[in-house]
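These notes open a run of structures that come right after.
The same subunit A turns up in both complexes below, where it pairs with subunit B and then with subunit C.
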Partner chain A sequence: MNAHDPGAAGRMNKSVPLVTITIDGEEVSVPDGSTILTACNAAGKDTPTLCYGDTLTPKNACRVCMVELKGSRVLVPSCSRKVQPGMEVLTDSERVRHSRRLVLELLGSSVDLSTTPRIDEWMARYDADPDRYGERAGESLRRDVHEPGEHHAGNGSVAATMSQPVKIDNDLFVRDYSKCILCYKCVDACGVQWQNSFAIQIAGRGFDSQISTEFAAELPDSACVFCGNCVEVCPTGALSFKSEYDMRADGTWDESQQTQTTTICTYCGVGCNLNLHVQDNKIVKVTAPHDHDVNHGNLCIKGRFGFQHVQNRTDDDKD
Partner chain B sequence: MTVFGAGGGTSSYREIEDADLIIFWGSNAREAHPIFFHHALKGIHKGAKVYAVDPRRSKTAEWADTWLGLDVGTDIALAYGIGREIIHAGLVNEAFIANATLGFEDYIAACEPWTLDVTSRETGVPAELIRELAHDYAKAKRAQLCWTLGITEHHNGTDNVRALCNLALLTGQVGRWGAGLVPVRGQNNVQGGGDMGAIPKNLPGFQDVGNPEHRAKFERLWGVTMPPKYGLTLSEMMEAMDEGHLTSVYIVGENPVQSDADTTAVARRLRNLDHLVVQDIFLTKTATFADVVLPSAAAWCESEGTFTSSERRVQLVRKALEPPGSAKDDVEIIRLVAQRLGHDWPIQTAEEIWDELREVSPAHHGMSYRLLNERGGLQWPFPDEDGPESPFLHGRLWEKDPAKRGRLAPFGIIEHKLPVDKLNDEFPLRLTTGRRLTDYNTGVQSGGFNSPIRVGACVDISPEDMVRLGINEGETVRVSSRRGSVLAAARRDPGLRPGLLFMACNFPDEMDTNALTIEANDPIAKTAEFKATAVKVEKTNEPLPEEGIMADAADHERQHKELATVN
Partner chain C sequence: MDLKFSNAEPFPEERDAVDRLLGAAEGGWHGGERDEKDLRRAHTGHAARSRRHLVLEALHAVNDRVGWISPGALNYIGKRLSVAAADVYSVATFYALFSTNMRPKRIVHVCTDIACMARGSKEVCADLEKRLGPAGAMSGWKHSPCLGVCERAPAALAVEAGDPPHEHLIGPVTVDEVVLALNDGPEALAAEAPPIMAVPQAGQEGLMLLKRVGRVDPESIDDYIAADGYAGLRRAFEMEPGQVISEVKDSRLMGRGGAAFPTGIKWESTAKQPATPRYLVCNADESEPGTFKDRAILEGDPFALIESMTIAGYAIGAERGYIYLRGEYPRAYRMLRNAIEKARERGFLGENIQGSGCSFELEIRRGAGAYICGEETAIFNSIEGYRGEPRSKPPFPFEFGLFGKPTVVNNVETLCNVPLIVQMGGAEYAKIGAEGSTGPKLFCVSGNLARPGVYEVPFGVTLGDVLELAGGVTPGRTLQAVLLGGAAGGFVRADELDIPLTFEGVRANNSTLGSGVVLAFDDTVDLTGVLLRIARFFRDESCGQCVPCRVGTVRQEEALLRIAHNRRDAAAKGRDVGLLRDVGRAMKDASICGLGQAAWNAIESAIDRLGVLEETK
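After this line comes the complex of A and B, so read on.
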């Protein structure tokens, strides 16, 4: 969207050389330093991603974007592996399909992916059957209170899950960790990559891992400043705006009836870009364009949540 | 900025990421400009050293390597002390001074009394820290000097700004990538409002009402003769109301009964007017004084147009919602008012009005809606649609060719003057005011949502003063100045030094902070001294006036109902 100032590098007129690789037998050229995922996109290959974030450093957590690289013993994550001249990449080989199917099945059996965009399409494409691990275990009330090292292995009769109660401890956003795939994007957005508030981290080990505040405190008692930049990057809807959560619960959330308009924040003079999601002439959530270099998809609490003043409307006001 | 001849920040946000020294002087950017601070954090993580110059050890100061906790209103003294140290240590940028500046000899003379010891005594900042900042600033490859209202909301705010500009001239920390002066704007379009001529001396595009050539251009375009007289600033209007010359006022999108200093005096003036028109999105407290209220659409989401940000970036504002009831776009309201006054102005789109501006403002000439849309905004000056953008200003000062270099930048010879509202035995404490992360101005907008981290209407007190005055956290105290008195809950803030208090200005319905502040105005910018009030604090058993946040939200709803009936 924005192609403005290229920074110091741009002013020095450094032209970036192109690197040519082969994807599924076709040559594609991308700027040096690009990832295989960028090359796949350039070649028109639709690659599933979950933990990849266009504003974040690759975390290699979800393993759903793996591709086969000729000469490499193991599959490689396309979201982080940089292109090198002459690479031969396969995106739809049996090994790749098998790997993606398994990743989707394991995630699907343990996590509620019902609000993950495009998940049904990917499940179908890779013939994934998350139900083959059997019935899902019920809700756990103990995920927040594990002692270090404490772990109770299941007996295999049911599929272990992330299932747990929804956390609603404020009016702005909701944490439904039954939907969490532990991709770390929220942690990175809250931490050193953007917000630097460090309100959340991974607590626990292995399958007992959980995104948590310090001592699992409720958000208003934590270091959270409610910028919602974690919600912005969450790929599964584990973090969602309270407005969206409530409308989904009421059955009134309807993305086909929503418009998205990019405008500028009404608060301080920094000029952050906002995307207003509007349904029935009401703002139902606020996101931000990731490709704008004023705010890179980030906002503060006022920009993200401070819109209520334009819709405390009475019936008299409605047209 | 009279120093450089253009009123805007010299750098882009992106540049602070490449700076090796960042100074936040009277700026709590971490809370007041969180996303600008994201850019600073990038620089900090790359190794930039950070100084915070602020009476409070603010959230921003918590990110600083060194905090200079100066006494309120001693910024000019501190700047002179830094300047003198740079001069005496032989760290001035002689080539830049010779090439680009005027009045250096006078500046040396003005600095001379401000030894580290004298400066330290006047400002309360340890001499060693002053020295350290001076040396680091002079030696930095790329230093960003950022300020906000902590510099400008003083009786001598313009002088404060000049004091900071002097330091940049002394060291050549301006006009290069990464080196600049960055006033971060407090409101979304305060930059754009000024750029568009909402300054009594200006026509749109930095042109002067008093300049016949500039005027002629607008007269040709509009087919009218324009009065050559400058208008009145807000504080001059206040004076004119006191003197009875100004009897009718039309206020658009401003809530002076709560936002201006000494609110009691403001309310009295508005009550005495013959006629008051208020155009706003809510029935604000100011609007309750009006004879006529014109309900307008919210500019940022119910209307089309542009805002200009602190980095001089003009960005498109787009309509996402239909405005409520009979609220109308500001442009349409003004057109209808003109029509009643006998002028048949055409109905124009926001783009058509913008194109009209482009015809008369060279700095905006190249900014078509098409380009603004494609490129996510453009930074002025942008005279030519094919031309490059200007990430930073005043690169010309480094040019050797006098023709390219243009007007030289003068050092400002200014005088250190303490705040007008003096401390004495009766009013021994210094109150400073500001904004918190979750709140904004008079709360008209930010009061609408339930923030989990809102601390509400309270007065922040240092732990030492709380002990001395026998006050516990949460107890009600009465804060009084020479002008007014308010009740507030006491809140302990270890970031405050003894003798210093802080109050947010965002909850005027529960705690009218500006009933305390003083209307001591800067003679040039006419900004009031919100940052320095002499007060006393007393424990009291009186109940607080209203229940905090919920009452605020309910109040807005009530106001809104009334607004609907006005139509």
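After this line comes the complex of A and C, so read on.
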């Protein structure tokens, strides 16, 4: 279920008027200014989300959280639509199920979702069959060439995909855009919402869009500061830490064997919180708690990647 | 903002093109010469960041001058406007008329869209392929979506980058003209057909919206004034702004861009907003395939729009208006620029217009080849210098529009009704046409008809009447189907010509007027091919923001391609039609904006109404 930010008023313990809406026939009250998604969570409705980020402004691009709102011509995105008194919302009507099924199928047929958490459960829940769109097209080497308004149509025998070579241009994180659903979360984390580095944006148009630096320059040549906040928010594993990527490639990545320890970064006095993911007594990646007041899931290059000294051990030091 | 740019520098002509738009660069921080003052110069803050809205214009300046946008030019634009290089790149790669890959200075865009398909664009393209090689920037000619010259189909747009650049709409186009434009430049072509050519009724008595087209010199403000011009504005200034809005409400004028929203309500809700400044945006991004009515007005009677916008600005309390003009209308651009200049000279724009105390300024913003920018919120993002991606509604434009301020967006034709309403009074205007659809209406009549063009009729005439006005189908041919409302509209059968062309009349017949497209196909046209072109159009024009539309338009085209390539396999066809319905419904239900929501309309109507995909050919 999605954690939700109670908002500034909530944190300051001011009383906020409650708004009552109906979800699947049951009344639920949430603070004014909440989204339908917050109300769904409060009502115990498990809503699939992909582009929603608990630390980001809703982009409502993925359209997997759509719900039916009485009086609305089209379905509405629960992640961004604010509640209004008396709204009547359906989360499991035939229309909603159809729309969620199709969104999952469209994504599943075009993107590698193998590292997307919970995707199999949702595919099953909505009877999604991504294979019915035909055999998936192979890797394209031209996804970084942008000619908006033009495409090669082919004969429909293969289903177009995001499939493309993985980008490994630095030692810290890997960009595997075959897994990218273009949710904009990395762009928002890199831009005004958090990091203000503006290294990446969406380039191109339509299905040929691609997260990109200017002229697809490699990250070390771009404005990237390697904070890894884009990796932190990526919902599909398209962005992953090099350590995780390498271990997955070696077949040694095993989340069941990992522990998470929350601690405070020691590099400076800001007091960012870190989650150290440890497997076999080795830090394998560093994330940050999204609900922490100091850094809200964000870190800098030092906090995120500067942990090698901790495990710079000789064989004699082990055990 | 501390932005990082690569070392790529602009070529002198790129720098010059940008400097002519923005003025010379001030100091090293903004891309100019570094000097000792840079150490003491503030180079950030709101002033620096408030220039983002010039990104699209700056990209135009470079693209018009050089033909493409190099990494150095991109950096220079970024530095001048305090926008990150990745951001400028993301905007530049959104628009089809820009290129971030090196290409020749001369390009001819050959329309392959549905109206031109009905009139021989396929043959033109086949011949071009033989003479010049396959379409693509490097061979000098490219396929283009509808260029809005459907009355002279097949059409093409020849462009030549340079100082000054040359742009020229050709129609009907021949292979020789394309080759001539590529070899000797668009200047070598014969002059464009005069604006009157788009309006077969020109000069007839009783016209209201088209009364001046062909009768006045579109470049002369004196001609305009002598032909009843600015009478509407004078009348408006005699009233209070609220009264003008009341008249528009009484007229029951509905938007002519496609959504048919009551204009008076839109104005009233905007005028009521306490936030200022308020803005007026004229949507002249006419890109719906088969639509060319606004071009006819802009080329033949541009002052009418200037006057209309001034009245609208007065009514809603906006002191600044933007005309968002599609990039493929070079003559309309020239005419509008001239009209704005002349109106300003004569005190019809600017401060204290005609001593009324009312001030209003107008600016043209050119699109750059993106259908989606005609969406009412995408147009804001495009003007503001962002990718033309639609915003999520609510909030609606009347509360949070351009630059986050209350904004009215109206189509060209909608606005041009305003002087008429003000002059005759709303109640009187409402007597024209039908109960739910008042006033005169322009129809873009094209396809296989004797006299295609823009026709003005009062609301209420039937589809058959309009086809008859345009001379009917060519003798010896039979009508196969008519597309109403463009690619986002729907097909009707040849036996449904008694449909009244009113908003309520077409709705009752489960179709739409859209932007007023009436596109007739005779029995020589391969409708499956037309459907494929529509699917291709939406796949190309989807902005890519939301999944249902971004991937749905791809799957829709793929399914249609399979059906077209494998007509005999009935079971496979059945599966694909089912798939089309599933995808179409999700696009309609779950897309962010009208593009995705309507991307399946025409194809659905062709299946259900015409039985196109049921035929075994």
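Just so it is clear, the second predicted complex is superposed on the first by the 300 of 319 C-alpha atoms of A that agree within 3 Å, B and C clash if a C-alpha of one lies under 4 Å from a C-alpha of the other, contacts with A are read in each partner's own complex, and residues count from 1 in each chain.
One rule holds in what follows: a residue touches a chain if its C-beta (ideal position, glycine included) is under 8 Å from a C-beta of that chain, and two chains touch if they have at least 3 such contacts.
As the structure is a computational prediction, the values presented were derived from the model and not from experiment.
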Inquiry  = According to the stated criteria, A:His292 is in contact with first (subunit B), second (subunit C), both, or neither; which is it?
reply    = first
Key: Touched partner set for A:Arg205, first subunit B, second subunit C, both or neither   = second
Task = Look at A:Gly154 in the shared chain and tell me whether it touches subunit B only, subunit C only, both, or neither; answer first, second, both or neither.
result = second
Task = Examine A:Cys300 and indicate which partner it touches, taking first as subunit B and second as subunit C; both and neither are also allowed.
result = first
Which superposed partner A:Phe215 touches (first subunit B, second subunit C, both, neither) = second
Partner chain(s) touched by A:Asn196 [first = subunit B, second = subunit C, both, neither] = both
Query = Which positions of subunit A sit in both the subunit B and the subunit C interface?
reply = 196
Message = Quick check: in the complex, which residue numbers of subunit C touch subunit A?
response = 1, 3-6, 71, 74, 84-90, 93-96, 99-101, 137, 142-145, 369-370, 387, 392, 536, 539-548, 550-555, 557-565, 575, 579, 582-583, 585-586, 588-592, 597
Note = Interface with subunit B, subunit A side, in the complex: residues 1-5, 7-8, 11, 170-172, 192, 194-196, 219-220, 224-227, 259, 261-273, 276, 278, 281-283, 289, 292-296, 298-303, 305-314, 316-319
Key: Residues of subunit B defined as touching subunit A within the complex   = 12-14, 18, 32-36, 38, 41, 45, 177-178, 184-191, 281-282, 298-302, 307-311, 313, 315-322, 324-325, 374-379, 389, 391, 437-438, 440, 444-453, 553, 556-557, 560-561, 564
Task = Using the touch rule from the top, collect the residues of subunit A that touch subunit C in their complex.
result = 60-64, 66, 74-75, 77, 80, 95, 98-99, 102-103, 106-107, 109-110, 132-134, 145-151, 153-157, 159-160, 181-182, 196, 198-209, 212-215, 217, 221-223
